[in-house]
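What follows is a set of structures for review.
Look for chain A in each of the two complexes below; its partner is chain B in the first and chain C in the second.
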Partner chain A sequence: MKSLISVVDILDRLTKQFVEAKLYSGIDEANLADFEARWLPLLAEKLQRATPEELAQAQAQDARWNWRRKEAAWGHALSYQAFAVEADTVTQGLMYVSKHHHSRLPDHLGAPVIYVEAIATAPWNRPRFVPQPKYKGVGQVLIQAAISLSIEEEYKGRIGLHALPQSDSWYRDALGMIDFGADPDAHDMHYFELTGEQATKLIS
Partner chain B sequence: MPDKKTMTLNLTETEMNVLEELSTQKDLSKTAVIRQALRLYQLMEMRLARGEKLFFESNQTKEKAELMLL
Partner chain C sequence: MKLYIDRTRLRERILHDPDLDVEAGFPIRDVETLNMFLPRDLFVGDLAPAAEMTITFGTLIELARRQRKLTIEQLSEKARVDASELIAIEKKRSGYVPKPRTIHQLAAFLHLPEKGLMKLSGAVVSRDEKLRNAALRFAAKSAGLDKLTRSEEELLHEIVKCLSDDEATR
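Moving on to the complex of A and B:
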């Protein structure tokens, strides 16, 4: 069930003004309809014309993700939770997390983490996808939601994820997550983890 | 966060010992351990209902053992 968690500010890069965005727990038909009607045509067009390298360059490596299928597979499971960010009554970002993964940090081996299964901002917000990206901060809002959930579930703020190559530097350099390197069990995507201490700094 | 409901859970001493052990190991409250267990149980049931199997794989030998659930 979708419920409003908070109202947050994100930056409209075009007007240079902050605007209100709504962060929801759960996604509904309106979010899926936005994905299919607004996101997918842009991603599909890019997918049709681009090489894998160009997809990475254009921050479009999620072009084959289908959020309706994710919702169908995970929507009723207690172990998964979805989040959506909306602004201008349009879906600006989506995320699915799961609650059954464990830390790979030597000091916290076996401790639970919130694992980010999938996270995406709308194509028009991506700096390398469009010449004039719209909103900045959607991904950060979603990551902070994952951290908050981790604290709420007594996981101390720990989160983990496998990053699409297009996003490696954002997780490592902007968020300061620990890079465990390429994971052969996950198509060689890099595994990243945020400690409880790092999480506290990020949301304070 | 959704509204929460309270229930009383009756456990044997052995079960309570295991719960306390897991609570200490995972650094979670006993409530959080039970909630985690419920999630995993539901997840297993959902995947088994789809016709999937549950395996444990040895890190060293890569040997797989199927977990049979009733």
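Moving on to the complex of A and C:
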């Protein structure tokens, strides 16, 4: 069931003005249709035109994240939750989280974390995908949603995720998450975790 | 559920955030396999080469099956794939693209390189001209033969080697 969590602001990079966006819990057919009709053609076009080297830069990896399949598999599972950010009545970002993962930090070993299964912004919002990306802040809004869910679940704001290589810097340097390094069980993606203390700083 | 960060604070964060990518989740290591998850009607490129390759894919699976002296039904059971799908593959039904799981199962059972099979199956739109040419030679030479002859064995070996070389160079 899709429900509005909050009206938030994201930055229009072109006009340098904030515009209103809506953060939803749950995704619906309109979000899936946006992904298929608006996101995928851009990803597909990039794939067709790109050289292998450009592909490596293109961050199109999430074309493989078939959101419709994920919704079918996880949409009704209690331990999973989806989030969407919409602006201009178009889906600007999507995220799936799960509630059954545990902390890898020695001090919090075994403590539950909200695990970000997948997070992606629309291709036109990605700095490395298009020369002039449209909106800034969609990822921040979604991560704040994950932290908020973690607080509501009494996980104290703890979240964990495996970042795509080009996103390592965002999670390590911008959000200050703890970098556990390459995870051999996750194709050597780096695993990152946010502690409760770090979460408190990020929301205050 | 509510958002715990204040709206004004969130604006400040966004304003001062570096312009970095945020994508996370389980990865795709080989970007060439991306296409198989895209609906084929979204492709903007030429699909003809992929269609040609599927002929070779069907022939390859048929020869590999016959080499092991298996019927379609037996291969279906041993590789745990639908017999109807094997028939569609071996008959080279026009436009037919096998499921990723089927390719994975066949690759595992027949000891064939999975990535190469992905390309041959048409699930991946490949730009690999060398593989395409080898596939066409293979399909042309092996068509119409009922029995797995010595020359067919050699052809089978040649295409498998080509697939293996292709995978080894990645």
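The rule we apply is simple: the second predicted complex is superposed on the first by the 197 of 204 C-alpha atoms of A that agree within 3 Å, B and C clash if a C-alpha of one lies under 4 Å from a C-alpha of the other, contacts with A are read in each partner's own complex, and residues count from 1 in each chain.
Quick note on the criterion: a contact is a pair of C-beta atoms (placed from the backbone, for glycine too) under 8 Å apart; a residue touches a chain by one contact, two chains touch by 3 or more.
Worth saying up front: this structure is predicted, and the values here are computed from it rather than measured.
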**OP:** Quick one: classify A:Ala120 as touching chain B (first), chain C (second), both or neither.
**Re:** second
**OP:** Could you say whether A:Asp88 touches chain B, chain C, both of them, or neither, answering first, second, both or neither?
**Re:** neither
Subject >> Of chain C and chain B, partner touching more chain A residues >> reply: C
Original post:
Touching A:Glu152 in the superposition: chain B (first), chain C (second), both, neither?
Top reply: both
Original post:
In the superposed arrangement, which partner chain does A:Gly110 touch: chain B (first), chain C (second), both, or neither?
Top reply: first
**OP:** Based on the superposed arrangement, let me know which partner A:Lys99 touches: chain B (first), chain C (second), both, or neither?
**Re:** first
Original post:
In the superposed arrangement, does A:Ile143 touch chain B (first), chain C (second), both or neither?
Top reply: second
**OP:** Could you say whether A:Ser79 touches chain B, chain C, both of them, or neither, answering first, second, both or neither?
**Re:** first
Original post:
Which chain A residues come up in both lists, the one for chain B and the one for chain C?
Top reply: 25, 152
Original post:
For chain A, which residues count as touching chain C in their complex?
Top reply: 5-11, 18, 23, 25, 36, 40-41, 43-45, 47-49, 52, 55-56, 58-66, 96, 116-121, 126-128, 133, 136-145, 147-149, 151-152, 161-167, 169-171, 173-174, 186-187, 189, 202-204
Subject >> Residues on chain B engaged by chain A in the complex (per definition of touch) >> reply: 1-2, 25-29, 32, 35-36, 38-40, 42-43, 46
Subject >> Contact footprint of chain B on chain A as seen in their complex >> reply: 1, 3, 25, 76-79, 99-100, 110-112, 152-154, 156
Original post:
Taking the complex as given, what residues does chain C use to touch chain A?
Top reply: 1-5, 7, 9-11, 13-15, 17-29, 31-35, 37-39, 42-45, 125
